[in-house]
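Read through the structures below before going on.
You will see two complexes here that share subunit A, one where it goes with subunit B and one where it goes with subunit C.
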Partner chain A sequence: MWKNLRHWLDVRIGLDGIIQTQVIDYRIPKNTNIFYTLGFLAVIAYILQAITGIVLLIYYVPHPDYAFSSVQETIMTKVPYGWLFREMHTVGSNLLILIVMLHMITVFLMGNYKRPRELTWLGGGLLLIITVIFGFSGYLLPWNQLSYWATTVVTSMPTAFPLIGEPIARILRGGDHVTGMTLSRFFALHVAILPPIFLTLVGIHLFLINRTGISATPFGKIDDEQRPLTEYKRKSYPEGYPYYPSFFQKQMYMMMAYFAIMFFIITFLPTLNFPDAVNSPADPLRTPAEIKPAWYLLAPYQLMKIIPNKFFGIMLQLILLIVFLIWPFLDTQKEKNVMKRPILRGVFIFLLAAWVVLLYWGRS
Partner chain B sequence: MKRRRFLKVILAFLGSITVFSFVFSILKFLTALPTRAADVQKLVIRKSEVPLGEATNIIYQNAPAVLINRADKGYIAFLRTCTHLGCLVEFSKIRQKLICPCHAGTYDLDGSVESGPPPKPLIAIPLKIEGDNIILG
Partner chain C sequence: MRYLILSVLMIFMLPSWGTAGYKQEFESEFMTKTWAGVQVEENVCISCHASDKMKPEYREITEAWQASWHAQNNISCEKCHGGDPKDAVLAMSRERGFVGSPQPKNVPEFCGKCHIAIVTKFLESGHGKALMSGHKAPNCVTCHGSHNIQKASISIISEQLCTKCHTYERAKVMKQALFLTESKIEELEHNLEGLKREGIYPVTDERNLFSTEAEFRALFHTVDVNLVKDRTDEFTSRLDKIDNNIQATYRELKFRKNFAAFLMLTFAGMGIVVFLLNQTKD
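And then the complex of A and B:
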């Protein structure tokens, strides 16, 4: 039956040709490592978020009077396996941001953002930002004390900018404060506005990867891509390994590791992402004592605490973000190997250490 | 002007108007926000509800506010929204200060910033005393 179906498709869309060119003849450089699978893993994690998100949508009610009970009571206690899908969605969102961050860090360390892949890096950076906005907009939806006040804090950040700050904050919230209007806006953002933007960016990202070809790591092998860029040339590896089965196998291992970590957290650390403040419905008249945003926003949150001037604190973060996005256009050095670039390595380690310190500081 | 050039200009003009119409209407749609009650409301609170050295949390024009009976300077009222990042300040009876739980911003009972990151004083609400009542607004 499978053979007949395959033949049926082959005569209509040339399936065998696609498999031959895109899977069997598609060669991967021999010195790839496990970190090359992180992009694939991110796609899997996104798909899982979409599936679990759609399942949760069936019972979630985006209204301030019902949002908390629809999550905390209906989904978590009444609907069979509702708790599982919520846990998968919550743990999955955190793992997803971690995977995308790791993907960016490893691409950076391997110098794979360099020409001709500047646009691929830029697209990846924008995807990371969209992923964080996904996480942040989803954070408010359960309408609990933590989500309400974390959203209040983050939506107040634009007010640091003179003139345009207040209108931006008001548009984000749909008023002066976080209200049911904010919930509607964040819900629309989370389920309807961000997904098409995200899918478009993923499409562009994958298209660029396909057009430029996979970049070889700078470790252990001379990289022949340090040519002056005067004409388009797709990078290919006639001597490399076929994508299937060798690289495909690596991807499957990583996917299994991802699910193993996810279900370990769900099974043994079910309250990891659910501190006490998530068990109380949002109260606009009481800010809880221990209010903290999600871990990936803790470093900026802590920076806002220690820098006394709000405008300076936000500008510093904005500049860092812009430098991060356009870094391939600023880095004109030919050397890809970060081990041979002590200053860049030092700056990277400093920034990473600062981020980790701020994260732990903000957590304590 | 040649026919082809003319068609290009017309197309660009009509296209720009179409895009502008969409962008304008979307912006107007998004910025049509409910504002805090525009007509001035007065809120009356009895003096006996706020003992000396204590405070009471109230809602003033749909916003959380606090009315304080200061031991030395009398009554004063503020919006509770911290001027740093919008968390709600709490009155500390022991320290006789207003403290923000998010970033530990501290205000004195005049609403001025004492310590922490808030850039501006708390927004004061005008009030007057009439007999046994405190009238806000």
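And then the complex of A and C:
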């Protein structure tokens, strides 16, 4: 039965060939480390978000009169295991952003963005932005005090731009204030507009990784990739480890660790993402004592608060973002190992420390 | 090429220096003002009464109200006193419905605009009848205060307060009759708060508790000990139902924790097995 099915598929899609080239013959450089699994882990986390999101979508009502009760009453108390899917979706969204950030940081530190992988980096950077927009748009959907006021804060940030700032904020909100129109827009963004853009970018990202081949870490002994690379050559490692089982096992235990961490948070810190304000429906007439956006937007939010000129504050962030996205095109040095580049290392540590400080400052 | 890109970005930055201070109003809103949803309009009653122009005894009114249970529930001046809190000139105009402060005899009617059930029972009571017949008798503010009104509780019935007019004996019997039911209400309120902290939104139980509590406290305002004793079983049974729901929710929370812990251990276990397998192969 299984043999016949496999043969049936092989005739039609070349299954045996795919398994042979992508699993059995696929070699991984010997000096890869655990951070090489973060991309795979991000894919798993995205799939989990999609599955749990679809379950929540069945019961969620995107209307200001029903959104809160559909989440807090229907999903959290009436739907069998609805609480689990909501917790997994919420905890998963935060872990996902963390994984993608970590993935970008490790790729940066290992210099794996260098040519011919500039477009892979650019695609990854755009995917990080899409992931943050996913988180930001999903944050409003439960329509509670926390989400309502956090969205009000974040949608006010573009107003720092002269001339175009107000129109941008109005487009985001669908009016002057956060209302039911904003909820409809964010819902459409979260479930209909972002997913196809995201899937297209993931497709391009994976295609590019497959086309150029995996990049070896500069921290090990082997890195024979010659630069500058002037013509196409897929990087392969005939002497490397087979993908299956050694690297596949690494990916699997990272996946298990991911789920274990997720369920640890759900077990012991179930209210980590659900402070008291989550239990009150959105009330435009009552401003909570503390208003702040989600943790991944706290650093930009705090930076906006401390820079006296708001336009300068938002321009600085925009430029940092553009430099981050096009960094492979700006950094043309051959040296991949960041340990041998003290200036770059210093700038990176400074920016990372500034981000952490701003995040904690924004929390307090 | 990269220098060109960097130069373009730097030039892009220049307008920010050129427009320094462009959005200072944004900064002030960003830092201090209430975040714009529907902006809360300024209440002229508060701003005027809190100003230095007012005598201290009038200024104290706003401070007392701000610390009150009414303030916590958005019940502002005009809800009781009428008038227009948006118009400084006509705020205290009779045409805008301003009624000022009531005479002692009219206080039940004044408070009864909202506390309908309680005022009905109060007027049936000895207290209410005495007040309406023009005798010296307590009204709502005698026990609850006027502006610094706190959430009602059994502690209001005290020897210090009741003995201002009569002996404490009857009040003591009433307090004893109320004690168990009131304690249960307090316990349930505490448990519902606990559920909220656990991420549960117990809206049905909260509503049921609120209506039971309101009915029970309305009944108390008859100051009829026998009536309170007769109906205590009915209220106890209603409170027990709410308690059962709360306990069931706590059991459900415990199950959730155990289930999530089971999943955590399962994945941690599988992770360890795969890790050891990987080490063996290496």
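Following the convention adopted for this analysis, the second predicted complex is superposed on the first by the 362 of 364 C-alpha atoms of A that agree within 3 Å, B and C clash if a C-alpha of one lies under 4 Å from a C-alpha of the other, contacts with A are read in each partner's own complex, and residues count from 1 in each chain.
In this text, contacts are C-beta pairs under 8 Å (C-beta built on N, C-alpha and C of every residue); 3 or more make two chains touch, one makes a residue touch a chain.
Keep in mind it's a predicted model, so treat the numbers as computed, not measured.
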item: Clash-or-fit label for the pair subunit B, subunit C on subunit A; value: clash
item: Partner chain in contact with A:G175 - subunit B first, subunit C second, else both or neither; value: first
item: Touched partner set for A:N279, first subunit B, second subunit C, both or neither; value: second
item: Subunit B versus subunit C as contact partner of A:I54, first or second or both or neither; value: neither
item: Contact breadth on subunit A, by residue count: subunit C or subunit B; value: C
item: Which superposed partner A:S156 touches (first subunit B, second subunit C, both, neither); value: both
item: Contacts of A:A257 with subunit B and subunit C, given as first, second, both or neither; value: second
item: Partner chain in contact with A:I291 - subunit B first, subunit C second, else both or neither; value: both
item: Touching partner for A:F312 - first (subunit B), second (subunit C), both, neither; value: second
item: Subunit B versus subunit C as contact partner of A:L5, first or second or both or neither; value: neither
item: Touching partner for A:L352 - first (subunit B), second (subunit C), both, neither; value: neither
item: Stretch of subunit C penetrating subunit B in the combined three-chain arrangement, among 27-35, 63-71 or 117-125; value: 27-35
item: Intersection of subunit A interface sets (partners subunit B, subunit C); value: 149, 152-153, 156, 159, 176-177, 284-287, 291, 304-305, 308-310
item: Of subunit A, residues touching subunit C in the complex; value: 69, 72-73, 76-77, 83-84, 87, 148-149, 152-153, 156, 159-160, 162, 165, 176-178, 245-246, 249-250, 252-253, 256-257, 259-260, 263-264, 266-267, 270-271, 274, 276, 278-279, 284-287, 291, 304-305, 308-312, 315-316, 319, 322-323, 326, 329-332
item: Residues of subunit A that touch subunit B when the two form their complex; value: 149, 152-153, 155-157, 159, 167, 170-171, 174-177, 181, 284-291, 304-305, 307-310
item: In the complex with subunit A, residue positions of subunit B that touch it; value: 30-31, 33-36, 57, 59, 63-64, 81, 84-88, 90, 100-104, 117, 119
item: Touch list for subunit C against partner subunit A, complex; value: 1-2, 5-6, 9, 12-13, 15-17, 19-23, 26-27, 29-31, 34-38, 40, 74, 196-201, 203, 249, 256-257, 259-261, 263-264, 267-268, 270-272, 274-275, 277-278, 281-282
